[in-house]
Each structure stands twice: as structure tokens, then as C-alpha cells.
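Each of the next two complexes has subunit A plus one more chain, namely subunit B in the first and subunit C in the second.
And then the complex of A and B:
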């Protein structure tokens, strides 16, 4: 029964995502909102690989998100106008930075780990903010845009066709979350669950816990930097807000809101967060207070997030 | 050759001497009990053997190699598995998953992003065997956190067995259990010892368990070695009676 509900909910989610460019406008919204949700959902799901499935809280994922975004923007603007090349450079930079910083912080636990991720994250924020000649400082990197994809035999115009861009983003999303889901079902993925469940037990079953946490961290940061590249492409622009610590907090909120023990939880959290933001910000400047209130209510009454509520109903 | 030789180990926490110059030799196939009143340093002694702490002085030889400075995970790879005084399992995973993880680690699969059909079948067969051995077959799909204490403890012991250890260390395996559960755990340990010829060292408070199971007993008191011998010898030992059995009576 539970398995049936699980696989049918997978299918339902993919159908909703595939149909979004058609039902969103029909529902009085717009395609770009869907794109925005999918991009941030990828970031939140990447964070949740570490948070929900390894049990390690990072408050600094915006750093690697931002490095992916800046890498893409600067490559397309200054190096060569190619979308895949920009993404590749962004992801490589983000992942290398994560791998090096991970080595320094992987022995820390809990709040100490979280604090160090913020501290290292802020280093990149200040670099982006201060290095005016390269990053444009507070003004960000503008006057560039994503480039249509050239496959040789055909070109996909992701620049001017918003549906084409949505499906491009969704394809990257599908590939990324597919790999993460695959890893979580593997022996390696089970060692991460073991660490989340009981680090001491994991260690005394012969799992080198620090090494496995480092690998989970690098995988998580790799995918969050993929999300960052998409974020830059989506806006044709990037500024230091995307690399600041409050952006990391947004990812955590999305994961917790939707339910971090559920693979799809962060997607639901991202959808709720962005839809609320979209709706509230057209009515009030203080939209953040309302999202904050909603978040507090969910955490207080449904600590397992929105999907936690649904799941409990299914089991009972 | 002895399987385990603990040579004059001491552990200091600040000025507190938790373990004071204790030696122990365990032969292959032996079932050794370590007993002593509360605060005797039994668990600390275990923690030194498994690498939870490093001894302040002394050395630990396992299977001929000095493992005094090895990290816990590496001691596990060499064949030392343990359980804890307070049951340590993966509560939100099923019994099957709890056993599957150590089976995969012991098979060298811990870094594999996927398993071949062959290897997957081997892992499943081994898990099924362990479930059967631990009397857990009918609970394989249940979350361990939902099980009765005795079943959680059996799961924990079988997780250690899943590692194919050469030496199994059990820290108070029957702590906090009722009559029936205690009996079942004793049966399980006896099967593991007699049928699988496993070398076991256990800490225990329950004297019935100790005198039922152990080949030899070592007694610690206030961090120091007090006596060692067969159950009969220990029962007659006057120093032990004063320090331990005497106090209990």
C-alpha cells in the first residue's frame, strides 16, 4: 500500500512538473514562476541530500549556489558565449571550492559545522561584493544573457522561448534528482542514512564517518552549484544576494517546510515558498514576515513538514 | 596465539583513574566475562579495546598486530565488533536495512553507487540468514525503533555478527530486560558461541548470565584488576566476595 502510494505520487509529481507550462498560465500564473520553483527546488533537494539523508546541517550552501551562478555569468560574459560551457565552469568552481572547504570542516558536528559553513559562505559573499572590477560588486553581473543551445542538427531557443527554457531546466533537474535518488538507494546511500540515524553505531560498524560525510557534502554542493548555474541563466543576471547567508537559510526553510525526511519534501517546500512569495510580495513589502509565520506554524505543529502530514494520513 | 592481548592499559580522565594497569588475554573461541561493581571501569576498558578512547598508557595486540592507535572503523575492519550498554541501532530504518548496512560494509561495498544483481542477491541471502539466526525473520520489515527492547538488542547483536567479527564485545547484553527476554538473549549468545565458534567478551551485571555462559571471568574493582578464573574459582574467591558479591548480598 505504502509502496503503491509512493510510486504513484512520483508519477503525479512528474506529470505536474511536465504540464506546468500549460496549467500554470491557465491557472492565472506564468511559466517563469514554474521555472523559478524548479531551480530553487533543485537547490533545496541538493541541500537535503546532506540535511535529510546524512543528518548534517549546512547554512552555507548559497556559497556554492552562488559560485555556480557567478561562474556561469562570468564565463558567458567574458570568456565565450556558450550556455553549456558556462554551466560547466560554474559547477567545476563550485564543486572544487566545496571539496577543499569540506576537508577543513568535516570533523565538526552540529552547530559548529553549521557556523563554519556560514563563515566560509560569507567569505565568498564578500569577495563577490568587493571585487568590483570582476563581479560588479553590489550591481552584479549584467549585460549578458543565456545562449540558445546548439546541438549541431538543431538549435533550442532557450533565450526567447520561455517554455523551451522551462523544459531545459526541468531536464537538468530530472537528471540531477535522478542521480541523487539513485545514490540514496545504493550501498553508499545507506551508509549516509546510517550516519544520520546513529553516528556512533555507524562508526562502530566500520564506516569511516568523516570521509562519508565529506563525500555527501561534495555531492550535495555539486548539485547546488548546478542549481546556481540555472539560477543565473534564468535571470540573465547575478548579484551578491544569491551568495549571501540568508539565501542558504532559504534553502533550509524550503527543505524543512516541505519535509526533510521525504525525497520530494524540498520541492513542495520550494513551491510553497515561491508561490507565497509571489502572491504576498504583490500585496505587501513585508511578505517575509508572513512566510516566517507560516514556517513557524509548520515547524511547531508539523515538525516533519507538509509532506509529513500527508504521509502520516496515508500510514494511518 | 592469543586473539587479544591487552597489556597493562590505563586510562586517566583528568585526575580520575578509570582503568588502572589492567591486562587481559583472550584465547580464540573463548567466552570471557568482565564483571565488577558500578564504576569498576568495565565499559571504559571496553572502549579502550574498541578504540572509542585511546589508552593513556599500555598496549593492545589483536591477532598479533598492535592496534593501540587505530581508529574505531579500522579495528572493525580487522574483526572487532561491539554492542553498547544502551542499545545503538538505526531506529528509523527497518530491521532488514539495519542488517543490510553492516553486511554491505563487511562485503566491501560501502562506497558502491550500485550493486550487480549477483552481489545484491548475495547481500540479501546473508541478511536473511542473519534474520533467521537472530529470530527476527518475522520482523524484517518493521522499523527497529518500534520493536520491543529485547528485539532491538537482538538486532544490535546481529548487526555486529553481520560484520563477520573474529571478536565480539557485548556491553551488558541483558541490561534492562525482563526474564523472558534475558533468557532469549542468553540463548542467542550461546548459539553464537557454540555453533559459530565466535570469541566473545561480555560485560554483565546479571550473575546468572555470567555463571551460565562464561568460560572464564575477570573481575575489576575501582579500575583495578581484582581476580581472574573459571566461574567456580571466582565464586570462591574471597577478595571478589568482599568487593562484589559480598556487597550485593
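And then the complex of A and C:
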């Protein structure tokens, strides 16, 4: 029964995602909202690889998201106008930074790990903010745009066709979450689950826990920087707000809101969060208060998230 | 040159005192309750704005005395209503809650007192320089350093020589045993939280005298406070104090030679400490 629900919900989710550019406008919304949701869902699902499936709390993922985004923007603007090259550079920068910082913090646990991820995350915010000649400081990197994809035999115009860009983002999303799902089903992923459930027991079994946590951290940051590159391409613009600590918080709240013990949870969380933010910011100036209140209410009354509650009902 | 260096060391000491006040409060709460209080910067702002509102009625000195206590009282209420239900759950939840709270406080202060920055008046004789040669030694700055020193001294006296302090220190080491010995842990954590927020409020009142009032005044102070805790050593209050002063002075000195690196240097220090001595300068072993 559970298995049947699971596979049919997978199919349903992909159908909804594939049809989004057609049913979103029909539902009175717009395609860009769907793109936004898919991009941030990828970021939240990458974070959840670490948070939900390794049991390690990071509050600094915006840094690697932002590095991916800045890498893409600066490459396209200054080096060579190519979308794939920009993405490659962004992801490489983000992943290398994560690998180095991971070495320094991997021995820490719990709240202390979280605190160090926050503090290190802020380093990149300061760099983006202060290195005015390169990053434009507070004004961000503008006056560039994503470039149509050239496959040799055909070009896909992701610049002016918003549906084409949506499907491009969805394809990257599908590839990324496919790899993450594969990793989680592999022996490596099972080991991560073992560490989440009982770190001490995993250590007694001879599992090199620190090395596994480091790997999980790097994989998670790799995919979050992929999401960052898509974020920059989506806006044709990037500024330091995307790299600040409050962005890290939104990734975490998305994962919690949807249900962090569930693979698809962060996608649901991202959809709810962004739809709400979209609504609030167009209706009130004090949307920050409402978002803050939303955080508080979720933590106090809804800690299992949407899918956590649904799954409980299905199982029982 | 010497004067410039002295000026920046002194300035660094003042900023370090702020970091230390903030970080000591954060550290108290973190050690006993395992909560990273993201809203600490928000409480600092509340302290400053309360002092601003109270000054016309109580005068500068009255506001300085009362505003931190009011802030601490708000902290006690917040702990009771919002944070205490989360003890014993994943630290993720308390972190998210204080995160949301930080948003609400910043937006709330903006709603009540307005987004534009407000001036905060200090008595004229305090603002005047003490000597012509050392122009930077205004009375207010010296006063801030003296007051911060006294408060930190009082804090350590409380922790070392009162029953409350004894219980807080014991609870930091082993809360369960303290509970078994008949101490009401709920009240202990509640008072401890209030004490931490009191320090934030005091830092707020002092900060606005120097920086003026803005809703996001705490934003720039909270990250260095986290770093002060990491550098000084997790679980060690003297370490936190040392960390705060150290990064303050380091960024002050750096601003003489490489002005643009004065922010970056504290992160470099954090990285160096984490590589060489992951538990921090005065951190105890086995608390990671």
C-alpha cells in the first residue's frame, strides 16, 4: 500500500511539474513563478540531502548558492557569453569552497556545526558586498543575460521563451534530484541514514563518520550551487541578498515546511513558501513580519511538515 | 602613526566590548539551553529603542538603568511562551524560531519607530573629548569601556558567588543531574535567558549612544558575536570574553594597515582557530 502510494505520488509530482507552464497561467498565475519554485526547490532538496538524510544541520547553504550564482553571472558578463560555461564555473567555485570549508568544520556537531556554517557563509556575503570593482557591491551584477543554448544542430532560446527556460530548469532539476535519489539508495546513502539515526553506533561499526559527513556536505553544496546558477540565470541578475544568512534560513524552512524526512518534502515546502511570499509582498509592506510569524507558527505547530503529517495518516 | 594605531586599538577595544557583551549573552543561552539565539541582534535593537523612548521621562541615566531590565523581561516572556516548548527537540527548531523572531523584531521596530535612523542624545559632558592630544578619547567612549568592564565583572561575580550562578554553571556541565538534585530547570533556563537578553539590551543602549538608532542595528554585531564564541571556545564564558575583545582589537588594528580587510580578518581568525584548535582558545575538551 505504502509502496503503491509512493510510486504513484512520484508520477503525479512529475506530471504536475511537466504541465506547470500550461496549468499555471490557466490558474491565474505565471510561468516565472513555476521556474522560481523549481529553482528554490532544488536548493532546498540539496540542503535536505544533508539535513534530512544525514542529520547534519547547516544554516549556511546560501553561501554556496550565491557562489554558484556569482560564478555564473561574472563568467557570462566578463569571460565568455555561454550559459553552460557560466554554470560550470559557478558550480566548480561553489563546490571547491564547500570542500575546503567542510574540512574545517566537519569535526563539529549539532548547534556548533550550524553556527560555524552561518559564520563561514557570511564570509562570502562580505566579499560580494565589499569587492565593488568585481561584484558591484550592493548593486549586484547586472547588464548581462543568459545566452540561448547552442547544440550545434539546433538552438534553444531560453532567453526570450519563458516556457523553454522553464523546461531547461526542469531538466537540470530532474537530473540533479535523480542523482541525489540514486545516491540515497546506494550503500553510501544507506550509510548516511545510519549516521543520522545513531552516529555513535555507526562509528562503532567502523564507518568513517567524519569522511561521510564531509562527502554529504560537499554533495549537498554541489547541488545547491547548481540551483544558484539557475537562480542567476532566472533573474539575469544577482546581488548580495541571495548570499545572506536569511536566504539560508529560507532553505531550511522550506525543507521543514514540506517535511524533511521525505524526499519530495522540500519541493512542497518551496511551492508553499514562494507562493505565500509572492502573495504577501504584493499585498503588504510588512511582509517580513508575516514571514517571521510564519516561521514561528510552523516550528510551534507544524514541525513535521506537510508530507510528514500525510505519511503518518497513510501508514496508520 | 602611533596616535592612529592607538586610536584604532582603542576603537577596537570598544567594538570588542560590544561583541563581548553580545557574545556573553549568546553564550549563556547556548551553553545552558542549546539555543542559538538569532534574535539577539533584535533584542539589542529593542534595548536601544526602549532607551530612546524612556529618555524623555527618566533622563539618560534612568533609561540606561531601566531599558536593559525591560529588555531582559521581554526576553523572559519570549522564552516562556515561545522557546521553552522546544527544549528537548532538534536544535533546528529553536534556531528557526529565533530566526523568524529576528525578522519580526526588525520589522516590528521599523513599524513602531520608523525606518529612518533616529539620533540618540547623550549628556554633553560625556560626549566631549577628554584631552586635545588624544582626540578620540571622548568621555562617552571611556565610559562605555568602564561600564562594560563593570558589567562583565558583575556577571562573573554572579556566576561564581551566587546560588543562581552556581546552578547555571552546574547546568552547563550536566543539566540532568542538576534537575535530579531538585533545581527547577525550567525556572533556571528562564532566568538564564533573561540574563543573556539583559546583556543584549545593555549593549543596545550603549551602542545607540555611539551609532544612533536603526532597526537593523543588531545585524552587524551578531555575526562577530558568533565568531567571538567560536574563537574563544565553545562552552567557556571567559573564552567568549577573550574572543570578543580579540576580534575587536584585531579588526581595529587591521583597519590601520588594510582598511578593506578589517571585516575579513575576523573570519580569517576563525578559520585559523578551527584548523589549529577546533575547540577554541579556552574551550574545554570534549564539548564539541
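Just so we're on the same page, the second predicted complex is superposed on the first by the 314 of 316 C-alpha atoms of A that agree within 3 Å, B and C clash if a C-alpha of one lies under 4 Å from a C-alpha of the other, contacts with A are read in each partner's own complex, and residues count from 1 in each chain.
What we mean here is this: contacts are C-beta pairs under 8 Å (C-beta built on N, C-alpha and C of every residue); 3 or more make two chains touch, one makes a residue touch a chain.
In this text, all values refer to a predicted model and were calculated from it rather than measured experimentally.
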Where does A:155 make contact in the superposed view: on subunit B (first), on subunit C (second), on both, or on neither? neither
Which of the two partners, first being subunit B and second being subunit C, lies in contact with A:201: first, second, both, or neither? first
With both structures superposed, pick whichever of subunit B and subunit C touches the larger number of subunit A residues. C
Of the two partner chains, subunit B (first) and subunit C (second), which one does A:253 touch, if any: first, second, both, or neither? second
Subunit B versus subunit C as contact partner of A:187, first or second or both or neither: first
Across the two complexes, what residues of subunit A are contacted by subunit B and by subunit C? none
Residue numbers of subunit B touching subunit A in their complex, please. 50, 71-73, 76-77, 81-82, 84, 88-93, 97, 100-102, 104-106, 109-115, 159, 163
In their shared complex, at which residues does subunit A touch subunit C? 51, 57, 59, 104-105, 107-112, 114-116, 118-120, 122-123, 126-127, 130, 245-246, 249, 252-253, 256, 286, 288-289, 291-296, 298-300, 303
Residues of subunit C touching subunit A in their complex? 30, 34-36, 82, 85-86, 89-97, 99-104, 106-108, 111, 223, 226-227, 229-230, 234, 260, 263-264, 267, 270-271, 274-275, 278, 288
What does subunit A use to touch subunit B in their complex? 182-183, 186-188, 190-191, 193-194, 197-198, 200-209, 212, 261
